[in-house]
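Consider the two complexes below, in which chain A is the common component and chain B and chain C are the respective partners.
Entry: the complex of A and B
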């Protein structure tokens, strides 16, 4: 760059300067246009359409009729919806903390081990549940939780525990689903944490060691605080996923026994495709949408980036 | 260099997979795709062919394929009428979804197969064509179960798959070992089940962990009917199961599990397949299942017998009457009706019952081709064989009822409360 270049802007007249900015702007918009179109068509417009249908009565075949806020007021006296909200919240509150902490713990353990065949093997194994088909996972775990011949009860009987009616008891059915969900997701978050832990400067640990901190103290005082932002990501992702749980529950319990394992997405699916009540299903979808947004906002407030 | 080769190789393999996938989807959906394509090509001639679309569910098992069967069975019809018949077999799990999306997007079939729980909603959506003025006197004389296809006073469906009556199977060896006679009444049944429960063996098993509302067809409705009750009121505007009969029925099955302990605790996590396995392993003396279960019993070598229906106030059990329906959106209604007639005629149905799945005849022009043992069930007192009432929202109502009954079976809810709660919910839905 020579002197002339540096002084160029001041040599330009106003209109040429605006022309350059305009060209840059057009270029920028052109670059983001494809993604923007996709997001608008596949996300924004369907969301707006759902909002529209949520105030109508609509069965997909005949024209929708406007019903105001009926669908929304109906929701709170609907036993399926109230049960779904409760179950989905319980499911989230159980799975997210456990899978987050397990992923973090395992990642820390892996990070402290030397590289080698076994480390890589076990690390990769934890990712296999993540990429496995949910249908197969559900079917296999259903067999494992079988009250009479399932492997889990067989193992428990070795310790003298009576057979548990896992999927047939109101109190254990949701727990069983939580266990499978945690098992399936831990690998994913473990990878994220592992990479993040590797990024933490070694010097912090060395300094702490010189100050006399033991491994446990290092973990709590250095590792965990450094991973704050990653934890925010893991918790937010985990929460959003758990609010969407459907296929796992559908295969393992069908929502039963009673209404002890039905989830919001299951209720939306049943309402749309078994009862053909699209308007009501749209309203429940909007409820789910609102809940997820609220929860994300709250999480950002407490876990998000500081300062 | 090595790394580069590996990456290139991987990309190549992925590309091949992508191309294979795209190529594969051009062919017909079934494994015998090649034959299907040849079918279409040979059946055509130079004149413009009328296109008809037919949707059917899968009843074939293993190596018997429904699509192959129907293509063959309708070949003469397609040739005679210059029709390009496109047949699609829809898996049960996607059944309702496929119809809804197909019809709402204008890509529905001309003729389709529907079962009771879904048919009413399509009638109320005004999607089905009434067939009254197409049926001839001959047709009315020939078909046995036409009245099951009359809804709201119009003939919306022609029964095609009728049968699979739910009967009470029993394990002869287990009963003989304790010198117990096959029961006829509720009291005899309850006593027999209790006596047959010992150690790992139980008297009775029921699928209360089933996801589908079909579990009610073996779990509750037969007992409701036998106690003299009904599911819906005559006019279909209210439910009728919250009655003395309903309560008696629900209390009966509750007591068999929670008082007599004639059923294992795990019934609340068993689906229908689990209960079949349980019975096939000789762990239960009785099971209620469709007559098609007999095939599995024969294969397993179980020494079995059956009772069509227990008797309380009367006898009664469920049987399926699934229909062929015609869609209003069809552009060739005359031809579509001709197709339906062709599929339902004795010749076609006999082949279907022999090759794909055995069911009793739907019309006089067919011999009985189902399992001989069940002949008395279908040729005897037809009033014992009941179907579900067709009304709106029944899918959701039965779902709620089933969930409440599951809670009763776990012992978490009283039968009275379960029926009252279900009635309140159902009547609200029906009133909308």
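Entry: the complex of A and C
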């Protein structure tokens, strides 16, 4: 009998078996350990710390002092916070539906075209904004939105439209940021939708065609319903991302003009690293966290997985 | 819209470059603005993040996919939960932690927090189906120690997901902005994306310079993407469908 035979189940007595299982477990924990340590240190502990600091007053130099719910009550009368919440919500409500719809539409268009050079080329180009850094995108679009020499206004003037002060006018600044964000994200969601559309069985379409349905009817009756779960993913992911927007706004408008483009994360950043009011900033962070969780739960309720 | 993304970098670059002597801007950006330093910073951080994330996450992913141990389900749920925490919420505490660990203003601080549950999730999904149990059993029968099984059997078979993960990590780390903004105070230690933003706020009119910097920051991920397109797209589709 050699080593291998001893591990055959029939030959393993109770204690050897239990010993093996214990050894397996220890081995498994060892494999998970590095990852677990990092996640604990950088995710689990921080989230607890945020909660802790949110009820203190802390400026990094002196020890934190407990202030109860003061930070939270302060938030509601703080014009920066209310502006950020409003802007962030507007941003989300504008960008998520549009980018979802565009991604779906474009994916459907791509899916119906034959494979070929142009198809691959355009598919790849929609993805380039996705891999570009927000900063690059922001820098470039800021140039394009420039009131005097920007490309956007030049294009508009061809149609006789007066130059728009995109980034300097508080009515249009947020819109400009929305446009850029949509442009950047569509590629990502397009890929997801495209792959999902490809997985819809052809037989469904063939059957519909035989029943006399035209292309548009097929789209509405087959494609859209089959994509329900994917749409849930796209919308949820898009929403969570849009709540976190910072880089783009920082580089395009810095929050201005006035407070018309300031977002929640920007406010957190300013409060924490410009004013060093860590306690208050933690409270705002916790607010952000709560909003994200709430929105996710609501979305799951209404759009969640079925079947 | 799709084509604009390509034209963007090309047109603006062209327009202004021809305006202000081509390569001169690039030379200036390297000499006067220390872009070589920023480039190497970014590369170092990104490379470290990729290597670390690939190994550590695949180890954990392997354990979750193939091994059996108590509390496995609960632990995995914990991992999934952390994926829901927006990075911005942990920004401040992580900063404080780095301060305690004396890692403020270091490049190490830049890549350490990149490792997260997403990599583990991705690896686990792949390994559950992509790694045949029989192969692992066979290796065990042959007397291989666990670590050897991991390096000789698991890693080679997991190449597709490892590549996808490396690509994701590369792109995320390279483009990371708010974290380096918070941690780095020494201008010499800045990453490329960070340096680019300061370049703009200081010299808002010098478009040639800014576009040169932009192109430089854009090139590595772009090249990476061009070569790894297939894996990248597969990775996204995979995570999207299975999520």
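One rule holds for everything that comes next: the second predicted complex is superposed on the first by the 267 of 307 C-alpha atoms of A that agree within 3 Å, B and C clash if a C-alpha of one lies under 4 Å from a C-alpha of the other, contacts with A are read in each partner's own complex, and residues count from 1 in each chain.
FYI, a residue touches a chain if its C-beta (ideal position, glycine included) is under 8 Å from a C-beta of that chain, and two chains touch if they have at least 3 such contacts.
It should be emphasised that the depicted structure is a prediction, and the values quoted were computed from it without experimental measurement.
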> Which one hits more chain A residues, chain B or chain C?
Replying inline: C
>> I'd like to know which partner A:139 touches here: chain B for first, chain C for second, both or neither.
In response: second
> Which partner does A:29 reach: the first (chain B), the second (chain C), both, or neither?
Replying inline: second
> Touching A:46 in the superposition: chain B (first), chain C (second), both, neither?
Replying inline: second
>> If we overlay the two complexes on their shared chain A, which of chain B and chain C does A:273 touch? Say first, second, both or neither.
In response: both
>> In the overlaid three-chain picture, which partner chain does A:147 touch, first (chain B) or second (chain C), both, or neither?
In response: first
>> According to the stated criteria, A:125 is in contact with first (chain B), second (chain C), both, or neither; which is it?
In response: second
>> With both complexes superposed on chain A, which partner does A:169 reach: first (chain B), second (chain C), both or neither?
In response: first
> Which holds for A:196: it touches chain B only (first), chain C only (second), both, or neither?
Replying inline: second
> Of the two partner chains, chain B (first) and chain C (second), which one does A:207 touch, if any: first, second, both, or neither?
Replying inline: neither
> Which positions of chain A sit in both the chain B and the chain C interface?
Replying inline: 60, 250, 273
> For chain C, which residues count as touching chain A in their complex?
Replying inline: 1-6, 8-9, 11-12, 56-57, 59-60, 62-64, 67-70, 72, 75, 78-79, 82, 84-97, 99, 112-113, 115-117, 120, 141, 143, 146, 150, 171, 174-175, 177-178, 181-182, 193, 196-197, 200, 207, 210-211, 214, 217-218, 221-222, 225, 229, 232-233, 236-237, 240-241, 243
>> For the complex, give me every residue of chain A touching chain C.
In response: 3-4, 7, 21, 24-25, 27-29, 31-32, 34-36, 38-39, 41-47, 49-50, 53, 60, 106, 122-129, 131-136, 139-140, 142-144, 151, 183, 186-188, 191-192, 195-196, 199, 230, 233, 240, 243-244, 246-247, 250-251, 265, 268-269, 272-273, 278, 281-282, 285-286, 288-289, 292-293, 296
> So in the complex, which bits of chain A are touching chain B?
Replying inline: 59-62, 79-80, 145-148, 163, 165-170, 173, 250, 253-259, 270, 273-276
> Which residues of chain B touch chain A in their complex?
Replying inline: 96-97, 100, 103-104, 121, 125-127, 208-212, 264-271, 274, 278, 393, 395-396, 399-400, 403-404, 406-407, 409-410, 412-413, 421, 425
